[in-house]
Every structure is written in C-alpha cells, then in structure tokens.
Amino acid sequence: MNELIEQEITGIVSALMEDYDNDRYIDEVNLFQQPDKREIISIINGLMTLVYPGYYLDRTRKLYTVQSNLSVVAEDVMYRLNKQIGLALRFKEESLSQKDIDRSAQEMALAFFRKIPGIRAILETDLDAAFEGDPAAKHREEIILSSPGLLAITVHRLAHELFLLRVPLIPRIMTEHVHSLTGIDIHPGATIGKYFFIDHGTGIVIGETAQIGNHVKLYQGVTLGALTTRGGQALREVKRHPTIQDHVTIYAGASILGGATVIGTGSVIGGNAFITSSIPGGTRVSIKNQELFYKKGQGQEEVAEELDQGEEWYYVI
Amino acid sequence: MNELIEQEITGIVSALMEDYDNDRYIDEVNLFQQPDKREIISIINGLMTLVYPGYYLDRTRKLYTVQSNLSVVAEDVMYRLNKQIGLALRFKEESLSQKDIDRSAQEMALAFFRKIPGIRAILETDLDAAFEGDPAAKHREEIILSSPGLLAITVHRLAHELFLLRVPLIPRIMTEHVHSLTGIDIHPGATIGKYFFIDHGTGIVIGETAQIGNHVKLYQGVTLGALTTRGGQALREVKRHPTIQDHVTIYAGASILGGATVIGTGSVIGGNAFITSSIPGGTRVSIKNQELFYKKGQGQEEVAEELDQGEEWYYVI
Amino acid sequence: MNELIEQEITGIVSALMEDYDNDRYIDEVNLFQQPDKREIISIINGLMTLVYPGYYLDRTRKLYTVQSNLSVVAEDVMYRLNKQIGLALRFKEESLSQKDIDRSAQEMALAFFRKIPGIRAILETDLDAAFEGDPAAKHREEIILSSPGLLAITVHRLAHELFLLRVPLIPRIMTEHVHSLTGIDIHPGATIGKYFFIDHGTGIVIGETAQIGNHVKLYQGVTLGALTTRGGQALREVKRHPTIQDHVTIYAGASILGGATVIGTGSVIGGNAFITSSIPGGTRVSIKNQELFYKKGQGQEEVAEELDQGEEWYYVI
C-alpha cells in the first residue's frame, strides 16, 4: 500500500471520527450505559432453556445433574437480566439515584422470575392448542423443537411480564428479536389469553393495545392493527388495536382494525377479510367470492367453456 | 448482595426446579434422548457445503485439496446425521430394540446420501429457473450466494427425502429452520417438480399434501393451503392442499386452497386471487379491478378530475 | 462399524465427489476466487458499528478509548471490504488484469467509505421519521436497538452506494442478508429519499428500479413491484417498478405495480389497495368496503340482526 493511499485512509477515518461529534442520537458512543442487544439475545436463550429444559439445554455443559445444571442457568440468567434492567433504568430514568436503580432492578428481576412457573403453565396450554390445531404436526416434541408460533408466543409471554413491570427498552428488543426469527410481530404490550395458537405465522402483526381472549387461533398474515397512525406519538397509550374474545379463529391474511373493534366469542373470520367494525359473537364472516377474469391462453384448447371470457387481465409480481 | 436477597433467589430457583416435576411435555429434562436442534442446523450447513461446495465451504479449513476437504465434510455429516436419526427413532419408536434402531438409522443415513447427486441435478434446474425468471439477478453465482428462494427449495428437497424415508422430527426441524431464515414455509411432505422458482418469497406457505409439477413459479405471499383445519389432528394424512400442474405461474399474494383444487398446465394466477376450485389448463386468471374510493386532499388542487369522488375512505396499518 | 458399511460409505462419498466433475454452476469448487458470504455478513456488522457506534460496538474489545477502538474497526472493515470487492471484480470482470482489479477495488472501497458520513446524515432523518410515525416506540434508542425497518433501510443505503459504484455481487448479498433478518426485501438498486419509515415491515418488497421520494411511509406487506416478469432477463435495466413521490403513505398489504405508475405527492394509499396506474398528488385512495358474508353459528343467539344472513362461507388457512 503506497503512502498516498495510506494518507487517504487516514483522512477518511478522521472524517468519520469527526462525524460522531454531531451530538445526534446516532452519534452516541458511550458504551456500558445502555442495554446490550447481544446480551439480551443471550438472556432470551437462557430463558428458553428454563422454560423448555429438555429441548434447549446446551449439551456441551457437563455438570453433574440436570437439576444442578438448570440451577446454574437460572442464577446466571437472573444475574445478567438484573444487570441489563439496571442499564435500561439508568438510561431512561435519569432522576433516580444509582442506589434506587440498583434496588429497582433487583426487585424487577426477582418479580419476573417469580412469574416463570405461571408462564410455563400457560405455555403448556399453548402447546396443547398447537398440537390440536395442526394436522401436519406429528408430535408435541416436534412443535417445541420447530414451531415458530410457539417460539413467538413464548418470548411474548416473557417480554410481556417485563413490560407490565415497566422495564424500559428490553421487552421490545426481545419481541423484535423473535420477530426477526419468525416473521411474527407481537408488541410486548399486547394481552393474550391461554390456548393461543399461531400457524405458519409469517407476516402476523399484533399491536400494543390488542386484547386477545382464550382459545384464539391466528393464521399467517393476520393484522390486529390500528385504523390510522396519523396521530403519531400523540396516540401513545390510546387503545387503538382490536379486542378478540374467546374461541375466535382468524384465517390467513385477514385484517382486524381499530381500538373499538370487538370480535365476539366463537366467531370465525375468513381469509383476507378486512374488518373495521365489531362482529357479534358466534358469527362466521367470509369474503364474498371475488369477481375474477379468465382468459384462454394461446394454443390451449382445453379451457373450460363455463369460465367467464373476460378480456382484461394482468400479471403481478 | 445481602443475605435476604440471596435467600429469595434460592427460593425462586427451588420453585422453578419443582415446577419441572409436573410431568408435562414441557417438563422433559432428559437430554441426549432426542434430536438436538443446534446439531441439526449444523448438519444443514454441512449439507449446503456438499450441495454447493464452492459457495459454502468453510475457508478456514486448511486441508490439502478441495476434494479431500469435501470428503471429510461428507463423512462427518453422514456420521452426525446417522446419530440424530438414531435419537429421533429411539424417541418416537419405543417398541424397537436399540440394535434395530441403530441399523435403521444407518440405513436411512446411507439411503439419504445416495440421493444427493440426484437432488443436485434437480437443484441445477432450479438455479436455471431462478436466473431465467429474475431480471434483477445479474449472475447465477449471485443467486446461489443470496437467493432465499433457492435456499428454501434446496433445504426442502433434502428434508423431503428424509420425510420419504419416514425419519421422525428431523425433516420439519430442517424446513422450519429455513422458514426462519427466508420467511418461506414449505412442509417437508410437499412434492415439488423440477425448474421450481420462488421470487422474493416472504410469506409463502406450501402445505404438507401439496403437489407441484415442473416449471412452476411462485411469488411472495402465495398460500397453497387447506380450506379448513377445523378437523385438527383428524385430518392427518388426508390430501388437503392443492395440485399445481406444470408451467403454472402464481403471482404475489394469491391463495389456492383445498385438496381437490387443481390448477391446470400452463395457467397463470394473478396477484391476490383467491381460488378455492379447480382452474383448467391454459387459463389466465386475474382479480377484477377493485372498486376504489378516491378523495381529494385539502389544498391539493392537482387531483385529476377523472377520479371518482367517493366520500368514504379509511387508513389501515 | 463393519467393513461392508465402510465400503458403502466410501462408495457414496466417491459418487458425490465425481458428481462435482459435471462442470455445472453448482459444481464450482474453487474457493478463494469469489466473495465469501460469511465475510460479507461480518463486514455488514462492522458497518453497523461504524454507523451506530454506541449501539453495535462489541463490548468485549478493551481498547483504550472509544475513538481508537472505532478507528481500528474502520480500518479493518475497509481492508476487508477492499479484499471482497477485489474477489467480486476478479470473478466477474475476467478481461481485467490483476493490477487493474486491485486498483479498482481500492478506489471503490475508498469511495464507499467517503460516503458514510453522508449516509449517516440521512439515517438520522430516518430515525426521526420512525420515532414520529410509531406511537408504540417509547424512545429513539429503542428504535435503533430493535426496529427491523431502520435496520433494513440502513443496510439498503450502504448497499445502494456499492451498487452505484458498480460493485458486483456484494450489494445483493448484503440486502438479502437483511431480508433474512427482517422480512423486508429491498433491491440494492432502488432509489429512496430522506425520512423514510417502514413499520413492522415483514413482507415488504421494493423492486430494483423503484424510485421513492422524501417522507414516505410504508407498512407491512407492501409491494412496489413489476406488472409482469414474463420477459425475464430481457427486462434487465428497463424501469419496471413504480415511482413514489414525496410525503406518500402506503398502508399494509397494498400493491403498487408497473414502471410507469406514479403515486403523486402527498397521496395516501389504503390497506390492500391494488394499484396498476398513476394516482395524482393529494389523493387518498381506499378499497371499497368488501362484501362479506355473515352466518350465525349454532346455539349462538347473540348474532346481531343487522348483519347479512348469507348462507355461503368458507374457511381458509
């Protein structure tokens, strides 16, 4: 590498370093003062081990018994979560003293861990619902080892407890991580009942203020969303996502929108339906048959006569 | 950390350990008795190296020649797959003796490896189809190195062979792993012909009993699904997903549903079409133009006069 | 393992090795002659650190100051990118001498790094737009640490500069990697203005020749696509994706298709709209209310009388 290029590289690096002096959000360089995304992902993996020990435990650990192995994982995850909560609180609650932050973080971490057996009891109902609902699933173990829906609801239920404890930043980082893995985007604020089943899952969006009862099934591409976000930050805390009562099934691609929209108990919403007002209980809703155009291909004589012979059509990628 | 908190932590960990005594599926703690998801993902990566050696081979390995390097990978992957198949069989076929399981696992692993050259021959046709179909692709190498569609069909073709050999658990873990990476959810049971092309891919769902011919193209968000899953586990083994014949193109967001639905040779299904009955060969199907409402914005004089002036409209997130 | 099985394994491995002699694209075994996907992903992570230093910097590095730490990352990433560009050029520009390739790669890497401060200035506007647009976001830091939309547009803006410099292979590998992480598929060729906001994001597809102005918002499942890809490789370089002018919002699931389609300044496109021709500025477009069928469930007396009582309906997965 000749000297000229070396000078140029030095100049480029200097310009980049100066760019960090602009005092914008993206110019933050102070480490150790905010939660660490990588560490939070590692904590999620530790929590998955505690929730489904036989399926997620790292087999390279060679401790004496499974129980002592799991105790070590539990204490380790609790310690690390405590630390991340402290960083999140210090970052967002600038008026608190370090001592208050330490105490709050400790209390939040302990309160969260006390909830884990209760969360596990609900997850067993989700596993039942997933097995009952999916004829392609051969065993419950297959679901634990492979279902994106069970993974998403597991991480949601954990993140939701941290959300209820008012832990900043960490719950959303957790759910966005599982969104990345599954294509299922559940805001940690959403309230979801027992026996919840998601099939396929890619493209599902469940908004922050959605409320979902027990025995609800969702298929891929379902949105439980807001009617408008024009208000932006002014809409914070307002209920803007729908309520889904017990025993509702919502098929693929349906959108249910609006904070006042209620889907009543036992209703079934058909694929691709677009719902912006309430549906009473026990209703089965389906989209009317689309009007479709059919056109015979060139040289293809076998096109059925009974099809419409509309002339217009188009392709879409 | 003071003593009180230490006691509390001990209590929380004990409660968690007792929670594993409930004898539910999620309470399984026996390791080494079922397939290991991390190991299966590592096997997938080894298989990708064997299928596309120049693109996936780990460059940190410094063996003498590429051929000897690949031979080592092949023997290593075969050995590890054999072991995982054994665990899957032991887990699900409790009536078999350990000797029978060992022999079956060995035979299945060998039978699978014998299929790899044939699978590679078909994948070369998929690569051709991907290059021909995508004007944004500049080189075939770009497709191998970056296309989610080629990745998904590659792992599917491998997992499908294991599915045909009746290996438990592992095929679904493989396809759900690639679902996580690509947003493309193909059940390992689906039958797919040569020259298969998926573009973009996110949101595609192909059900277990779908049958797809040669030269078929699918775009993002296409579902080849079932009409209902109300039957749950009772529907297992029933053909509930459609048949797509040769040379069919299905554009983005279309849904083709039902086990008796057949899309005939050479047909083209337009974007967002919702098809629940058979379409004869050589037909081009498109949705009728949607009725849309248009409303002029405030202070925007340039709205074209020819647009409808409907008053109702709504936003959707 | 008995001798027979050992022979069989040897035979299977030999057959696989012979399969690489077929001289197809997939038979390429020459390493070190093309870009390395793993290395490019590592370069992306390095670039994320340079763009958002306080959020992505590896905390296990213990260098003296943050600035010197970042300088080391910058020089390291520049060196490695230079090398990958060289491999990409050698692979695709066979007529160039090694010396010319080395010089071009060096120039491209330097030119790219000079652009980074400018890219960062635009990303700060994207961060503003994300915070303003999302009532569920509590802090800007939460967005940097968790938003898939910001991640996708960040990697796009970096890859787009390499695309403009005519670097082969690498830009698409970069955007497909972030597609895998986020479900958002933006071709590196797409032109995108400031204050760009993607919410949720899963299923979004933005084609190579799309042109997007400033202050544009997109929700999940939006396609900016081509009307047809029947032309395949013959369509390369033709503008086949739409133009979106400034201050346009496109809600979930909408498709805007065709190279001549222009969405005018300030327009709002409602959810699921399917647009294949231009929309003048200041227009709000929404789909007409779907005709839906409603059917009373058995034993559910509370179904509202005002609902249609159509008899046909169907489920969809």
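As written, the chain order gives the labels A, B and C, with residue 1 at the start of each chain.
Note that in this section a residue touches a chain if its C-beta (ideal position, glycine included) is under 8 Å from a C-beta of that chain, and two chains touch if they have at least 3 such contacts.
Values in this document were obtained by computation on a predicted structure and should not be read as measured data.
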item	value
Those chains which touch chain B and also touch chain A	C
Copy pair chain B, chain C: interface residue numbering same or different (half cut)	different
Chain centre separation (chain B, chain C; CA means) in Å	20
Residues of chain B engaged with two or more neighbouring chains	183, 199-200, 202-203, 205, 207, 221, 223, 225, 229, 252-253, 255, 257, 271-272, 274, 287, 314-317
Chain B-facing residues of chain C, complex	5, 8-9, 12-13, 15-17, 19-20, 24-37, 91-92, 168-169, 172-173, 176-177, 179-180, 183, 185, 187, 189, 199-200, 202-203, 205, 207-208, 219, 221, 223, 225, 229, 231-236, 238, 240, 249, 251-253, 255, 257, 264, 266-268, 270-274, 279-289, 314-317
Residue ranges of chain B in contact with chain C within the complex	50-57, 59, 66-67, 70-71, 74-75, 78, 106, 110, 113-114, 116-117, 120, 123-124, 127, 131-142, 144-148, 181-183, 199-200, 202-203, 205, 207, 220-221, 223, 225-230, 252-253, 255, 257, 271-272, 274, 276, 287, 290-297, 299-304, 307, 310, 312-317
